[in-house]
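Each of the two complexes below includes chain A, the first together with chain B, the second together with chain C.
Let's look at the complex of A and B:
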């Protein structure tokens, strides 16, 4: 009890500890704000990639794809653990608007809109058919031509806050898509002077996934049309990937294990068939591994930022060290008296560590509260700065970011606060130990007093 | 006597080992800020330079899809301008689809270039990997392909396998693209003469180059030599704005002579200006990062304050003795502030050294981290360039060092005032 009483007394009586608290509060404030925004950006990016991919993806590394997928898709659809299964055609093509010269290379993805919406977040990214994705490829201009869903950034320019101003109905646009169809051996499916396949599609909707490469470089076509254009329907039907969503209550590990086992059996069953060699390029991956190449750089930046803050945090440890060194320097007589009446060395150490803990708790509480308040208002502040000074943290016409992430992640804050308290204890440890092991006979001799 | 007091006081300060802590803190913050500012500035400069290096200093880029006829004539007119060192024509196709081999199709961008004249504007030959040696023959069409189009760098080392890359040289590939005035795509077959590696991800992973004469004939048969962009290199030290004015004059005259109604002065722009918006965003991000680290580094002021206050408290008797020997209050205060400045100078000096060493060897550090921890921090696909810029930007260094010295002096100010207010008669009395 006396330890707590003494630590509390030192905490309230020594004004110098306000400096240590200020150092901790400043550091915690900055780290809470920056890490919350950074973590928000990374989580948001991950979530968008998860939504784009589904929970699990069976995919081929080659554009040639793989065959014998229909039985497997039916088998998966019969399983309770999978609530969405979508076979997908992937490839590259050249898009041109008839009558216009500009043509751009983009990624083509052939999907069944209902199946793909069940397996991924595709349906939610649509603008006009969010509630009825089955009509995503129904165009209102030329019913004889197939529809297409194009990345929103290809046909619209984003506004100051990343928003896109849509017309009440899809824009009357036609896209001429050209691609190189490949045969099952990887060669050009069409010989002669024209090895390409070209078809016109009508704009029926646009997709806003929040992923730059998808919104600015992808067009979705009806599955059958894409399979036909890439000549992946003959002599044997092929696809490039199968996207799977697990039912609620099924963990990612459990679902992945089941899919991997089913796929291994499927490959075994078909290993002697023609084109079974195409299975060699196929992998079964969860969404995170599937998009790892895109997600990893952002995670690395987050790690780098954490390391930089940790380095700067050392200064806070130094501040606490010096403050406690000063405080203990002034409390030598108290320490001597305590030691002389029987208080053990480690008890003295614990008094000062308790004191340091209080400084850490109060400093980090102030910093964390200020950080949370700042986060709550961060978008309002940015709006105000934009309205008055046309200043934005990120120009939304360049970066695919909506609002600045401002969610208060209590786990993150708990870790930061714990680190701050740890830093306070670390900084105070050496002075506390020095205090604890002072010899009363030296401290209380008359020339010291 | 005053000089002796000054000497004694300085000696006391120098003997306090805890001062080293403040020097170390200043050095660490200073070094960190120098590394961050140099790397970020280097990155921004690399973006700007890559545009100049690959597109020339000034570009005539007609709006829309307008084509420049008889570009040789325009180039010879441009080369008469005193600020123009060289100019070259480019014919671009916005997009193409390249079939490289079995199961290997890539979306690419296509440029027709003057192979001979291009080197005067952009070091095209220097970028070629030189994995040629395959006799292609003069009769067939040739092209140059970006290294990232034919291969992927190693996931850990970010290095290309040049043996794998070399296998593409001499290979016959097919490309399809579209042109204005025709609904049918154009198909071009050519042999890969060499592989280009500029070190800029955008060019390496997307671009295919062909001789402009060949590409003009393939895309616009019978229309002669046409280009849709003229890239211009200025003589060293030329004022870009004045140069743009002169080039606009030549462009206007050329437009009149050739009856190009669409030719506009706005077609002429510096390549830096073309990137200005993006560069502005990068600068803003850098400013934010420096501000955040700067605020956190402000903790150094607190640290120096605490250390100097500690010195004042522990050396209060010595200060009293020195004052009693004749050193005035202001002298004591000046001494402490001066010592704060010394700490700032020493700390920032070490910081500059640390920052300089780190920045200069950043590629070696990154390579070591990659090999030791298997963690590839820098990837050209993420950060645009294959090498981390390692130039120290001294403009920032001066500012950072100056701020560190001022911060140290500020930290020492309050303890200096406390020291100056020490009254020898109270401190030195016997009881």
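Let's look at the complex of A and C:
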């Protein structure tokens, strides 16, 4: 009882406590804000990458692709665990607007818009055909030419906060796409003077995935058109990947295991066929592994930040240690008095740990509340800064984000607060033990002198 | 015999030199006695009192309480000894600034009880503390903080605190050393009053006039009894 009473009195009577509380509050505030924003950015980035691909992707590392996919796609479509299956043609090419000289390099993806919307989040990225992706490639200008879905940043300039000012209907644009088709052996499919394949497509929609490389460097073409352009339809039909979405209730591990087993059987069944060697480059991966090259750097950045903040935590512990060393240094007379009336060393330690715990709890509560309030208002503050000083935290013309992530993750805050309280206790423990275990007379005599 | 010191040696290291404060000193205190320990500054009076009250340990020799050596006590027993068996009064009062005088007085009682024990003991302990403070003339100032009191009043709070657990021994280290003679006299009168009620008191002083008011005087010279 007296321990709590003394700890409470020390807490309310010592002005130097404010320093320790301020140190804790400041650290908690910074860590809560930065970690929440960073976690928000990384999860948003992961979500967008997941939406770009299926839950599971069977893909070839080679642009040549792989054959004998049709049976397998049909087989997968008959399985209950898969609710979306989309064969995809992937390749690269050049795009030129007819009448213009300049070419830009593009990633070309051939998809069936309905199948691809069922297997990935493709449909949701469309602007004009979000609710009817089957019409994604239907252009309103040239019925005889195929439509195309182009990355939004290629044809629109984004606003200050990442918004795009769309026309009421797709812009009347034509794109001349040129690519280098490869044969099933990996050589150029077309001999002679012009090894390229060129075709004109009409803009029928645009895609806004939130991924810079997609929105700024990708064009979706109808599956058959892409297969034909890349000459992957003869002498054997080939594709580059199959994207699969698992039905609700099917776990990623369960779905992956089923797909991997089916694929192994499929390869075994077709191992003696002419183009079976193309299976050698094929992997079955979940979406995370499929996109790891893109996600990994951001995760590394998050890890680095976590390490940096761990270092900040060490500095906080040191600051608190110094503050408590001073506080306890000023309280040695009290410790001597307590020891002389029979208070045990550990009871003295526990009084100061209780006191430190209070400083930690109040400091981190202030820091966490301030951090949460800051997060709630972070976008308003950025708007204000932009309106008044034209300053943005992230230039939306460069970074594919809308508003700054500001979701408050209570689990993360709980961990940060627990660490801050732990830091306060750790910072107080050493000086408290040092003082508590001194001989009573030693402390009292020092004070008398 | 309530307390006995046998062949007590105590020395301190001051850099390279060893300062011998007590050099084989024997002392005994009987129950109900009022003993004054006198001597010049540096003669080892306070050191002896600290050894007798288990605030420090001798380098050699032993302190016995009712025939049992304090050196055989575990840390819990020593804490219990300091809490219940002895009460200390220091020259500089040593009250806690964060507590009012009632809380200061109650502190040893609180420290000697666990949370559950304190719940049942709180009422009687509080009554005892108030009674003690009233006897000291501080009944109207229970909620005052130590810094709001005069030196004499603070020392009276320190005496009340030392007596709250009804200890067998009251050890006072120059209790009037920091007070003017009139206030000091008041403190001595209070101590004499408790002594007359049966309290065993060992008091350190350098003033022989104060020592004359004790039953027995122990004179220390260079760490030995003269």
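Definition applied: the second predicted complex is superposed on the first by the 423 of 449 C-alpha atoms of A that agree within 3 Å, B and C clash if a C-alpha of one lies under 4 Å from a C-alpha of the other, contacts with A are read in each partner's own complex, and residues count from 1 in each chain.
The rule is short, and it goes like this: a residue touches a chain if its C-beta (ideal position, glycine included) is under 8 Å from a C-beta of that chain, and two chains touch if they have at least 3 such contacts.
None of these values were measured; they are calculated from a predicted model.
By the touch criterion defined above, A:5 lies against chain C but remains apart from chain B after alignment on the C-alpha atoms of chain A. Shared-chain residue A:390: touches no atom of chain B or chain C. Using the contact criterion defined above for the overlaid structures, shared-chain residue A:92 touches chain B, although it does not reach chain C. In the superposed model, A:338 makes contact with chain C only, not with chain B.
Counting residues of chain A touched by each partner, chain B versus chain C, the larger count belongs to B.
Those residues of chain C that touch chain A in the complex are listed here as 50, 53, 55-57, 75-76, 79-84, 88, 90-92, 94-99, 103, 107-108, 110-113, 115, 118, 161.
The touching residues of chain B, counted against chain A in their complex, run 18, 21, 25, 28-29, 32, 36, 65, 93-97, 99, 101-109, 174, 176-181, 183, 185, 187, 277-278, 281, 284, 288, 292-293, 295-300, 302-303, 305-307, 309-310, 313-314, 375, 377, 379, 381-382. Only residues 16, 19, 22-23, 26-27, 30, 34, 62-64, 91-96, 98, 101-107, 176, 178-180, 182, 185-188, 193-196, 198, 293, 297, 300, 304, 308-309, 311-312, 314-316, 318-319, 321-323, 325-326, 329-330, 393-395, 398-399 of chain A touch chain B when the two sit together in their complex. Every residue of chain A that touches chain C in the complex is listed here, in rising order: 1-2, 5-6, 9-10, 13, 333-334, 336-345, 347, 439-442, 444, 447-448.
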